[in-house]
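Shared chain: subunit A. Partners: subunit B in the first complex, subunit C in the second.
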Partner chain A sequence: MAQGASGTGQGPAAVLMRIVPLAPATLMIVAFFLVPIIWAIYTSMTNLGLSGYAARNPSFIGFENYYYLFTDPRTWAALGRTAVFVGLSVAGQNIVGFCIAYVRQMATPAIQSLASVIVITAWVVPEVVAGFLWYTFLRGDESGMNQIFDIFGFAHQQWLLTAPLAAVIVINIWRGCAFSMLVYSAALQDVSSEVLEAAEIDGAGRMQSIFGVILPIIRPVIAINVVLTTLNTLGVFGIIWITTAGGPGTRSETLPLLMYNQAYDFGLIGYGSSIAVLLLGFGVIASLIYVRLFKVGEARNG
Partner chain B sequence: MANLAKAKTRDRLAADIALTFVAIAFVVPMVWMVLAAFDAKATLAIQLPARWSLTNFGAILTEDVAIRPFMNSVIISAGTSCLVVILALFAGYPLSRYRLRYGKQYIYTIVFASALPITAIMVPIYVMFVHIGLVDTLAGVIVFRTAAELPFAVWLMKGFMDAIPTDLEEAAWTEGASRMEGVAYIVVPLLAPGIATIFILSFIENWGNFFVPFILLQSRDNYPMAVSLYSFFGEYGEAMYGQLAAFALLYTAPTLLVYFLIQKPLQKGGLRLGGAVKA
Partner chain C sequence: MNLRAQLKLSTLLAAGFACGLPALAQAEELSVVYRESPYVSAVMEAAKAEFEAEHPGDTIELNAISSSARDYYTKVSLMNQSASTAPDIIYEDGFQITADAAAGYLEPLDERLSGWDEWGQFSQIAVQNGKSFVDGKVYGIPLGTDTQAIWYNKDLLEKAGVGADWQPKTWQDILDAAAKVKENLPGVDPINIYVTKAGNEASTMRGLMNLISGTPGGLSATLFDPETQKWIVGSKGFRDALAFLKTAYDNGYLVSDTDLQDSSFQNVLVEQRVPEGKVAMFIDGNWIWARWIEGGTAPWAAWNETLGMAKIPTQNGQGNGFTSMSGGWTIAMSPNTEDKDLAFDFMTTVANFENSLTYAIRAGSIGVRKDVIADETYLETNPTAGFFSSLVEVTNFRPALEIYPQVSSLIQETMEAVTVGGDSVEDAAGRFDRQLTRLAGSSNVEKAN
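Presenting the complex of A and B:
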């Protein structure tokens, strides 16, 4: 907009003057975003190590890292876990987030804001604190959860040991719900009440009005929120690292943890970079979908 | 009509019960931290302290345990947010005010970059920072965090600038003001709420970030609270639950404070993704 506001001429110098302010931000993004990505691709084709001989004299080994990566069952196991972790986290956050947003509209204002404050607090709490809270809540016989189980007479559970992947999924849903709740609250406010009343007059029940009217209307928001939550979940490291460290064994090891373990615990920076490239590949795919939805949204809004 | 009113009351009651249940389920894992922080004899169990005390806070409020990490977190978060705001301000202006030849492509590229998972580039960033000597420095963390926040911030800033009419600027130019003066005296003051939003979002994000300093920093003196809470946990976790809870509470407090200062618009309006907002 506002191209009419230009008081200067159209010569090359004028054009340059317009672009100059863009330079610092662009340089930062190129130097610390684009360059590392290219660097990662290069490093993934070397045997670079964290220390010792392979740290000082890395040699080019072509696709050898990728060969090991794709023939290692540990990679496939981590890929599978990442799919489960991301899939269930995203489904959980979106479904629970939508349900809270929907129910919230009908509740008494005081309870409405109390619930919002609590759900949002879970989202705002720093990652390390969230991981630490859940670690103490789930761990050991005297943990908070087992105290609650005592009240109901359930047997004690050690889910961090017996169901680590399920545990980190629950933690991640707990943490991410607020974002989806806020997104869907806004979307629901934009659904006109006339449409809903018309559906009611036509005799639509609650479920029919949700599935037949509301969800189709807010479908663009659902699409973009699902992609966003996917992108956010793909890179989750801290929560898992603090509560289970990927264990016991490798039972909750997702791609970011595999990458960290290979690069730093085993000192295989080159190999770790090949995992980084794999992870980045998924990020690029999801991100491209995001930009696509973004363009559609922008076109619609004019 | 009476039936309808009855149905409404019933809906409200059901909604209230459901939301109360949600609130309890979400709050339970957090209760322990608040109680344990004020209990010198805290264990893993959720229990009211036999005696409420500030002993735990007293114990951690030393230079080494909590104060230096707190200052490091402030330096990293404030430093990054300042840089992000300034660079985004410069970049947002031409994107908003001129019809640039590749303006649209530029926007799409930064939207794309803002969505990529940062986790994936930490290994190459580490290697790169070893080479240029930025590993284990606060400056290194600030530089990388700034680059990571910029794509989203530039896009947000452009949006905020688009909402400011150009007439006022044009009036200033006819009065003889230069473009820079126009920006400094007219655009920036009008942008204040937008600048504050970007600053706060960036501050909270950096305050809570764990992975970047965890990878880039090595000496204890440089740790921000996120990393020192983690290492404190690893070293003394079993023995000093109370102090750990106090530390976590101290670390969480500024985020909650900032957040609840700005929560009104979020609670009322929620987050609008219609124009594809990433929060």
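Presenting the complex of A and C:
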């Protein structure tokens, strides 16, 4: 612990000196994090509307929104889609990210930088732009993808309409794998070459050295990255909204899309808030796992 | 006579006129607000001249607002919030009457109307557009309306073996015609009905409502019952309409998925696909031909010979046999007006025969007065007027209550689910019922009989 110039005195002045530096951070957290959360929880127990009578005179309705939420098959369908979306996105991002990182470290430095630039470009492009690029690439008979298919003589596909959930998962993996690649690149550098050489001398093939040596060594990083990408993916809205808007019908409607639809299409702000609170709950669970894994990692390294 | 002399003379005349009529009531000024457009301005200016000639001393102050329909509504709502800025007379979209009457912005007219000798000229059906869905009172005198039908390409239907002179009697007849087009004319889309969220209000009104209004009991048995003031859930007619759309979609009678999901398709359809002969039938409004005339957005000289119009049949040909959906603008009065009788006088001037005729001709809308729709000039200037006017007797209006925009959004979502979304009718309709209950509140919905 740092020993400040003021020493470790017990007087009120000393206490104040400790509190003051913390105040801005605490205030920020309360103002921009705690208050909105409490407000959302409160709103979720009212019938607040976007316009009309329920906008001017919202009334407290207790847990009615939650009752509707959990008895509506639409919520469960959206929840199921969210699980598939998050599960496959996270798995895809981690596997693809690791593969790129692994292949990349074997290349020459010039190729390494080039690969980084290409992958990271996908990541730094704003979500709306990325979504729109994919939308134009996949949409319609004359889409870029179908023109490429023409060259190979494949039948035209309209995946945004025929397989919307799969399409948004692929798009999300494409966009998110750069983050995982960066994380795994750093982790791979920490795997000492001696260990790998030792494995090679013992006769381990490439696959054996990946599964038997590298992955066990970087396991804490994998765990943390999985939680981080889960947190990121849970709230994905822009990409889905732009490419499919949750449709056709409700076939790619995840919880964030359902929340938007209820709050703004139907003006049910209170009900939308209850979905926000549900999402927040999942986020909190993922965060707790993250914190726990982080502690485990620290204990091991420290 | 030079200018000064002219001024002097008119001042003298005015002074003499005022002195000569000591019994004249205090001069009043009525403010009129309307959405600027050549035809509304023409009618308002003519009515102003006529009214001021009949009521010497009283003046009409015309306040034309140049904006989109939506902005116009917002601006008038803002003016209405305070008695000092509220206009006396409002050019009002019939679609907004229920909400504005509930907010206290409009004066009920029933008593005054019953004393107006020309009121009998107005179609009782079209008058519904000036009524509130909540209390059933008339708040606006209708100036014009619109109706919808199935436009079809005569050549294509002839080639498909349906015949150039076509009038379906039931929904099944429409599906049968579509099946023949599908079978005999590859490359032609049999029928366009808007069925997705991309179609927006056109999907709700031109897509679904034209169907459910033709089921037994009509709109009040499938969507909103004005008697009980409740929204309807669990309706068979609603499910039948969804099933009709699903059948049309599943059999490939509608346009492609990409077109259905394209929010600009409404223009593509009318300005390209129809003139190119790529679509055999399409459900649309009476106003659509204005795009094809010279000076329109997509001139097409042959439209009148190529296209025919068929009435939209009811489900099994029951009731009147046909149905349609309508909207249209009205003229209404603020309750803050000081001299209501005088304001009513101006309103009846706006809605008299001559002005209603001008309005119908120049706006290309459907007349709501019997003497207007029988007028020869009217019938000659608009080749479709006779046909579309005849639909006023079977038409319906949307239940424009406060939550209507959300209900409309819900309807679009439900239509999209059973077509492009591939859901079953039962799943989608069940979701509609639950969501409608939540939107309206469970005390404001009732189960269909």
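Observations on the structure shown:
We take it that the second predicted complex is superposed on the first by the 286 of 302 C-alpha atoms of A that agree within 3 Å, B and C clash if a C-alpha of one lies under 4 Å from a C-alpha of the other, contacts with A are read in each partner's own complex, and residues count from 1 in each chain.
In the analysis below, contacts are C-beta pairs under 8 Å (C-beta built on N, C-alpha and C of every residue); 3 or more make two chains touch, one makes a residue touch a chain.
Everything quoted here is computed from the prediction, not taken from an experiment.
When both complexes are superposed on subunit A, subunit B and subunit C end up sitting side by side without clashing. By the touch criterion stated above, A:G140 is placed in contact with subunit B and with subunit C alike. Comparing subunit C and subunit B on the residues of subunit A they touch gives the larger count to B. After overlaying the two complexes on the shared chain, residue contacts for A:D190 are found with subunit B alone; subunit C is out of touch. Looking at the shared chain after the overlay, A:R251 reaches subunit C, while subunit B stays out of its contact range.
Rounded to the nearest 10, the angle made at the CA centre of subunit A by the CA centres of subunit B and subunit C in the overlaid structures is 90 degrees.
In the superposition on chain A, contact of A:L268 is made with subunit C only, not with subunit B. Of the two partner chains placed by superposition, only subunit C is touched by A:L161; subunit B is not. In the superposition on chain A, no contact is made by A:I169 with either subunit B or subunit C. Subunit B and subunit C never share a C-alpha pair closer than 7 Å once the two structures are laid over each other. Residues 139-140 of subunit A contact both subunit B in one complex and subunit C in the other. Contact residues on subunit A toward subunit B in their complex (touch as defined above): 1-7, 18-19, 21-22, 24-26, 28-29, 31-33, 35-37, 39-40, 43, 48, 100-101, 103-108, 111-122, 124-129, 132-134, 136-137, 139-140, 142-144, 147-148, 174, 177, 179, 181-187, 189-190, 220-221, 224-225, 227-228, 231, 234-238, 242, 256, 259, 263, 269, 272-273, 276-277, 279-280, 283-284, 286-288, 290-291, 293-295, 297-298, 301. Remark: subunit B residues 11-12, 14-16, 18-20, 22-23, 26-33, 43-46, 87-88, 90-91, 93-100, 106, 108, 110-113, 115-128, 143-144, 146-148, 150-151, 154, 162, 166, 169-170, 173, 179, 204, 207-211, 214, 225-226, 229-230, 233, 241, 244, 248, 251-252, 255-256, 259-260, 263, 266-267, 269-276, 278-279 touch subunit A in the complex. Interface of subunit C with subunit A (complex): residues 196-197, 256-258, 261, 402-403, 405-406, 409-410, 413, 416-423, 428, 430-431, 434-435, 438-439.
On the subunit A side of its complex with subunit C, the touching residues are 52-53, 68, 72-74, 139-141, 158, 161, 245, 247-251, 261, 265-268, 271.
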